[in-house]
Amino acid sequence: MIVVMKPDAADSSIQSIKQYIESFQLQVHLSKGEEVTIIGIVGDKSKLPAENLTSFKDVEKIVPISESYKLSNIKLHPEPTTVSVGNTTIGPGNLTIMAGPCAVETEKQLLEIAHAVKASGATILRGGAYKPRTSPYSFQGLEAEGLRYMQTAKQETGLTTICEVVSQEAIEAAEKYVDMIQIGARNMQNFILLKEAGRSGMPVLLKRGLCATIDEWLNAAEYIIAEGNPNVVLCERGIRTFETATRNTLDISAVPVLKSKTHLPVIVDPSHSTGSYKYVAPMAKAAVACDSDGLMIEVHNDPANALSDGPQSLTFKKFDALCQELKPFAKLVHRTF
Amino acid sequence: MIVVMKPDAADSSIQSIKQYIESFQLQVHLSKGEEVTIIGIVGDKSKLPAENLTSFKDVEKIVPISESYKLSNIKLHPEPTTVSVGNTTIGPGNLTIMAGPCAVETEKQLLEIAHAVKASGATILRGGAYKPRTSPYSFQGLEAEGLRYMQTAKQETGLTTICEVVSQEAIEAAEKYVDMIQIGARNMQNFILLKEAGRSGMPVLLKRGLCATIDEWLNAAEYIIAEGNPNVVLCERGIRTFETATRNTLDISAVPVLKSKTHLPVIVDPSHSTGSYKYVAPMAKAAVACDSDGLMIEVHNDPANALSDGPQSLTFKKFDALCQELKPFAKLVHRTF
Amino acid sequence: MIVVMKPDAADSSIQSIKQYIESFQLQVHLSKGEEVTIIGIVGDKSKLPAENLTSFKDVEKIVPISESYKLSNIKLHPEPTTVSVGNTTIGPGNLTIMAGPCAVETEKQLLEIAHAVKASGATILRGGAYKPRTSPYSFQGLEAEGLRYMQTAKQETGLTTICEVVSQEAIEAAEKYVDMIQIGARNMQNFILLKEAGRSGMPVLLKRGLCATIDEWLNAAEYIIAEGNPNVVLCERGIRTFETATRNTLDISAVPVLKSKTHLPVIVDPSHSTGSYKYVAPMAKAAVACDSDGLMIEVHNDPANALSDGPQSLTFKKFDALCQELKPFAKLVHRTF
Amino acid sequence: MIVVMKPDAADSSIQSIKQYIESFQLQVHLSKGEEVTIIGIVGDKSKLPAENLTSFKDVEKIVPISESYKLSNIKLHPEPTTVSVGNTTIGPGNLTIMAGPCAVETEKQLLEIAHAVKASGATILRGGAYKPRTSPYSFQGLEAEGLRYMQTAKQETGLTTICEVVSQEAIEAAEKYVDMIQIGARNMQNFILLKEAGRSGMPVLLKRGLCATIDEWLNAAEYIIAEGNPNVVLCERGIRTFETATRNTLDISAVPVLKSKTHLPVIVDPSHSTGSYKYVAPMAKAAVACDSDGLMIEVHNDPANALSDGPQSLTFKKFDALCQELKPFAKLVHRTF
């Protein structure tokens, strides 16, 4: 961390900052230039409320040098991580296709979808049992009952399963019935939930918050890993911008940016980011082409009657066609599915 | 709700939509124009997954007519609500000043701040005991111990008190020790927490999410009220935009927009929105001038040593000067404090 | 266009709107529902200041049905357009690679780059002679002299050429020396320049404004086409969002969205959108995979000494490697280069 | 400017940067810490393409220390500037009210509005003659004829006048007929127009671009001042965000931020920022309360029939009421009008 002083900073200002920093058992490295004086801080800065330094006299700005996330940082862990989930893995060499309905509706529906997505190439079945909805009057999910259907689908098809969780109670239920839990966009900075997900030890899919920076996202992953759970997979699902032609804006460059900052696997959700089935196929191809580790795609037996997110769901036929089209793209990036 | 058909929509397309809508016991009101056919939907639409209609053949777009929030809607409740909290009220005629440290650090510190802000005119003491922090390695708050200090401060000064809550456990602790709970920006769409806050019956300050639209915010309030708790106060605290000169961008026009959409009181937090003590005073005046029901301002005995958000905290002297300056503005908008 | 009235709209309010609309020689189509009354407007609405209707008594909202752009609209021109430029074409079947330096610096430099990008597969040479720069103290380009170097490069290599223009004077110079002109992001709504570009008849590459919606962008294209110049190519180059890990956020979903709204070719600029050479290759692949008609990539003989945008420029070696990698992706989307 | 090296930077990397910087006749100030090496750059950096340094080996990041704008910078000009326009001044002590129609429609209309806004307290008459419109099919303004009406209105009422300009031709016409020119949001980075406005010597109202940062805005002002024209007034008119309840989001904190960065006067446009007459009065009061130097407000004799921006225009009666309400607020901030 560096403190940049104003051009005309008084010596007394510099001294009082020096004393403040040293009071935290840190060393100060002064560099007086003609135009500007810079104060470097050396040592374990975890106790220093560094932002406060902006309030000191004659301080121009504070420049952080190192990232606050450590366990998710590629600098400390240069090899890409492979996360094992159920009977599959997410990471280098694989293109993991997670597919299924936005919300689990009935056992029959779920089984029908599970068989269909497996036949097309998906290895993980997604299905929401706890649905965070903008309005309290919208369908909120089948909760534990939905999780039991997921277990049945797993037993019938051999697919690995993932469900979103929204509370400690949901995590406990998920531990019984599914293989992987998902923290959704709205809960990305629900730190209590992140810690509980960390303590569960289950593989976690961490979706990006609608307005979360990549640094905030990696800090959220850090909450999970810091509880002793390294099995985190990141999922880009669109950010909120001024553009309304799509539901959100898929930040596709987040994929290579993450690959340069973290060792965790990164997948892309073209369904939630665009909000329209029409754009799922081109965005899925783009995600594969820029080396995502996987995709999460909504598939429904009858989109027009889906209880949630029908407009962005693919029919079985469209999903199957997409999987066929994706295969040669996967091959070009040295991945299989 | 209106379904707008494409210019050349086939009769069969119109009929299949009609049948779909009627299958939900709703009435259809067809309006065939020369250029365009419009399908109005009449009745209780709460069961209709209306977004799915965009997937039907020849549909151009769906236009919602009514808001999904009801209990917080001014159309159904035209008189402004006054919320009673501790020994004060928030609403018409009052300018409620909530002030205190970002984080409760020690009992001594809190008492010193409590006496100071009371002397300057604050009626509600704020102080964070559960701190949601971007990094897991930052100070996370004193938790229940901090709440007990809040209770002591209340007993010593007679101030009403408010604390942020982040979990069911925190709500239960807050019920014992403080008068009002706060749901922070990062938890605005933590629907589990909203429902628990609703069930607690305590007055709730609901901060706006960093990228929440005003409609999403009112739907979040609806979650609380729908649990039987009408004591909700909204707090504008800045939204995330491209501008980095301030920490967030204070959306000051949210104040009159909310006044036209809801009967709930609206306050403004000039500290978190700007992130710098320098901008707190002018933004506080702006908020009062456009008829906010109150302000939430961070005040600290020693900002340079604050464990959280020092740069945006006012000293006692600056806070007192601001309160004196605010009084004539309050008078102009017919409010007292 | 539809006017939606408030639930309790008075008959007199409806009548006054009807009269207002009819005063513009338009027909009114009234549809009174139980809950809501809707007023459809039929006829040539180009003279109607429709937004004013929101000021009328009892109006809830105005819903536009048709887009304001016509000539660029796929509804009126369903076949994709191929734009001829110099000795090449942009459109179906081709993957057009535009490459070159951000700014033309010297004749020698430009020729060296031109030969290199041609050898790797580029068909259009880009090079800025008029540089819009944030600060007046930054290098502003060689202006007409730079254009003459572009002409020399064209003569020596046979490459087609494109240059950004910022004024009528620059367009006139460009007409003499290059094959295609570019309107940059900052000038996307410089309507005077758009009209002049339209009147020039030259092929125009229209970059998206940093905060332009897709609809505004297509309206900007409409300004050019309405002057009788149908040779417009759109270029997605990133939008401004809250994320700062990349210079801008590449809105990759704009590609399929545009393909559903317009017949004009669409290319992607992975250099300006990301601002870093590290992310150019993955974003170029993503763009090709989702069926862009081309790419615009910055290439420099010596990025460290580039007078503009060095950090995002590829070296000859990196550009050549990227072109080789892109070929199989192009083949998968049935394009050649 | 500071170059921060990666923790493990090689000596050879540091040396090559040192040589590069020195090749621009700049001095290097090396500071080797235990964790990190920092390279300070001293001297006239105007020729150094500093961004390129990010491409050098082992560079972590570049940190600019000083702003690129000089003439508009408060550090070099600590006293607030007063700009003289026609028979009035904009700056300390005054609250300048600019009012009038969005677009000049007829001479009769303009005179009627001019008399009305003068009677209520406006000192500058605004009226658009050149209208930048999203669609080429919308009303584009009366051009030079509109300017002549402005001259008549000035002669009849004694009001000072301002008009938006969009081209060199418009500036030349404006020089003949009005007192002040306006550069609109869409042209804020039309650098050709900024330079021409600078060369005209006329007082310039520079509106903020929809997605311009405050630093970019001050750099745009620098373009004008660098041509020898110090008579620049800034106008905050809303930025583009995700919120759609208002047309744009008024960035009210831009007012105090600008006051801390520049000596130029700052006014606020509550009409364009909100897009609705309902929000003009509260936002005008907020702007005055936080010490804006003035307001620009749209007023129309018949908003329902306005050719542009009717919904955000005040009637004479509403404008007069607002002016009366603003007077005590102005007094509180020691301004008169």
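Think of it as A, B, C and D in the order they're written, each chain with its own count starting at 1.
Quick note on the criterion: contacts are C-beta pairs under 8 Å (C-beta built on N, C-alpha and C of every residue); 3 or more make two chains touch, one makes a residue touch a chain.
Here the structure is a predicted model, which means the values were calculated and not measured.
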| item | value |
| --- | --- |
| A-C compared against B-C, more contacting pairs | A-C |
| Greatest separation from subunit A - chain, by CA centre | D |
| Distance between chain centroids, defined by C-alpha means - subunit A, subunit B (Å) | 26 |
| Gap in Å, rounded to a whole number, between the CA centres of subunit C and subunit B | 39 |
| Inter-chain centre distance, subunit A versus subunit C - centres from mean C-alpha coordinates, in Å | 31 |
| Overlap residues in subunit A, where contacts from two or more other chains coincide | 211, 240-242, 244 |
| Interfacial residue positions of subunit D with respect to subunit B in the complex | 211, 213-215, 239, 241-246, 249-257, 260, 273-274, 278-279, 282-283, 285-291, 328-329, 332 |
| Contact footprint of subunit B on subunit A as seen in their complex | 20, 46, 49, 51-56, 68-69, 132-139, 166-167, 186-187, 189-193, 210-211, 216, 219, 222-223, 226, 240, 276-277, 303-311 |
| Subunit B to subunit C touching residues, read off their complex | 2, 4, 7, 27, 29, 31, 33-36, 38, 40, 42, 60, 63, 65-66, 211, 240-242, 244 |
